[in-house]
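These are the structures, in structure tokens.
Heads up, the next two complexes both have subunit A, just with different partners, subunit B and then subunit C.
Up next is the complex of A and B:
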């Protein structure tokens, strides 16, 4: 799992990467720069992912395959694996924390690649 | 009707910036007070020159006054501002029929039908036109808050996104408690899912803010999500309110973010006007 996270953290501008249990928001694996509170971020990311999944299903767009929270000084990028699309499905969220000038497209590709390997 | 006009006039006097002029102008037009209606519409247009509905109202009044040339210009402007404005499309169809350009008339009615496939008046107009009978001059829809809602004031929810690309679909503005402030959503089957989506999104704004703060990322600006059948973008016009923009998967996330940015700015202005 550490090798999988390496794929993400080697992208320039990524400050950390995590695998998070989608159901309970617990960290499964992490590679984070100092100062990032992995446990709390994992819990909030899982909660946001759950709300977003339900809202998107209701809106008819299907479950999310990638989402991206943009902020003034950085971004949180998340790819839910296939099992995360079902409540209680025991899925994993692949999460990256990045600087504001990161190449979003590149991080997205690596997140998707990791999501495939951890299923 | 006279009471309505008095009440609407009072509302407009109290808040000259409000969109109540649309209902007042239409009420005056229906009562046959065309000069008064024209004044109301022109004053409204001066304050809201980019509002397609204002041009549509003005065009309807001009049509009643048989000033077809200027009516054409106004409906043409309305369609330039909001290409899916069915009132303006029907108005242009009516005027094209008047000058004998049946192909253009039918083309505009077809365009209106694509936007509102369930509107029977469009099918009737096409049938009448094909039968050689002039389609009726366009009237605002009976469901339109412009004429039907008794509570429409400055916060006229149907007008929040007027003039925005795709303003009639896939835009939802809610408050922090998940209550709908404007817009509406339908799923792929056409079912109204506004309330369900609003309920699920309640609290997302605060949660996103907490997450960004915890990560030391500062204030959050937006959240883009790519779905299996569509893409969405969430913005927050105010710290509490949340704006959801939903589009087909074919619209790239970057373009969706630009559209959402515009919609968020419009929603912010609209919310500020109402407070």
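Up next is the complex of A and C:
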């Protein structure tokens, strides 16, 4: 798992990466720079993922494959694995915390690659 | 303030209200390891509070004894997850003595991670708010029933 997270954290501008249990909001594995509260990010990202899943179901758009939240001082990028699309499916969220000017496309590619390897 | 959140000891009310709001839990009890309830949220019947408090106190006592037999410090928290609901029970030390928090949450609305995250804040807030250096009041058998009735009346706004 550490090797999988290396794929993400080696991208310039990424401040940390985590694998998070989608149902529980608990950290499964993490590589974070100092100052990032991994437990809090994991719990809140999983909560958000659950609500987004329900919103997308209600909107009839199908399941989410990638989301990107841009803030003033950074960004949160998340790829849910296939099982995360089902409530109680025991899926994993692949999460990256990045600086605002990170190459989003490259991080997305690595997140998708990691999501494939951890399933 | 949520109308369903009530406290016997008022210093518990604000931290508990914040915890209920942030962690989206369904039921919460703040109690002593002997089962005395300091505050509750979400319960509608006194008998449920009494049952939950007694069972939570029993779990705290049995896990503490299990830890003692394993020569370990007492367990900090216990989590149980069913198909629809999760239970979280944890203890912490405060100036009011050791306190236990029992939280029940719906898996559709909250998660263990969220409950753990905001429990840490709740424990810190309760520690900060707890009255300093109070001498524990001796509970006499003759007073027990009256005190229990008073507490339940307070918890259910009677």
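A few points about this structure:
Here, the second predicted complex is superposed on the first by the 119 of 119 C-alpha atoms of A that agree within 3 Å, B and C clash if a C-alpha of one lies under 4 Å from a C-alpha of the other, contacts with A are read in each partner's own complex, and residues count from 1 in each chain.
The definition used in the following text is that contacts are C-beta pairs under 8 Å (C-beta built on N, C-alpha and C of every residue); 3 or more make two chains touch, one makes a residue touch a chain.
None of the values given here were measured: they were computed from a predicted structure.
Model built by superposing both complexes on subunit A: subunit B and subunit C fit together without a clash. Residue contacts after overlaying the shared chain place A:97 against subunit B, while subunit C stays out of touching range.
By the document's definition of touching, of the two partners only subunit C reaches A:24; subunit B does not. The partner of subunit A that touches more of its residues, comparing subunit B with subunit C, is B. Contact with subunit C, but none with subunit B, is seen for A:42 once the two complexes are overlaid on the shared chain.
The superposition-derived angle at subunit A (between subunit B and subunit C) is 100°, Cα centres, a multiple of 10.
Within the superposed three-chain model, A:72 lies in touch with subunit B and out of touch with subunit C [touch as defined at top]. After superposing the two complexes on their shared chain, the closest approach between C-alpha atoms of subunit B and subunit C is 9 Å. Common to the subunit B and subunit C contact sets on subunit A are residues 40, 44, 47. Interface residues of subunit A, counted against subunit B in their complex, comprise 35-37, 40-41, 44-45, 47-48, 51-52, 54-56, 58-76, 97. Residue ranges of subunit B in contact with subunit A, taken from their complex: 185-189, 193, 196-197, 200-201, 203-204, 207-208, 210-212, 214-232, 244, 246, 249, 253.
Those residues of subunit A whose C-beta lies close enough to touch subunit C in the complex are 20-21, 23-26, 39-40, 42-44, 46-47, 50, 87-88. Subunit C contributes residues 81, 83, 107-108, 110-114, 116-117 to its touches with subunit A in the complex.
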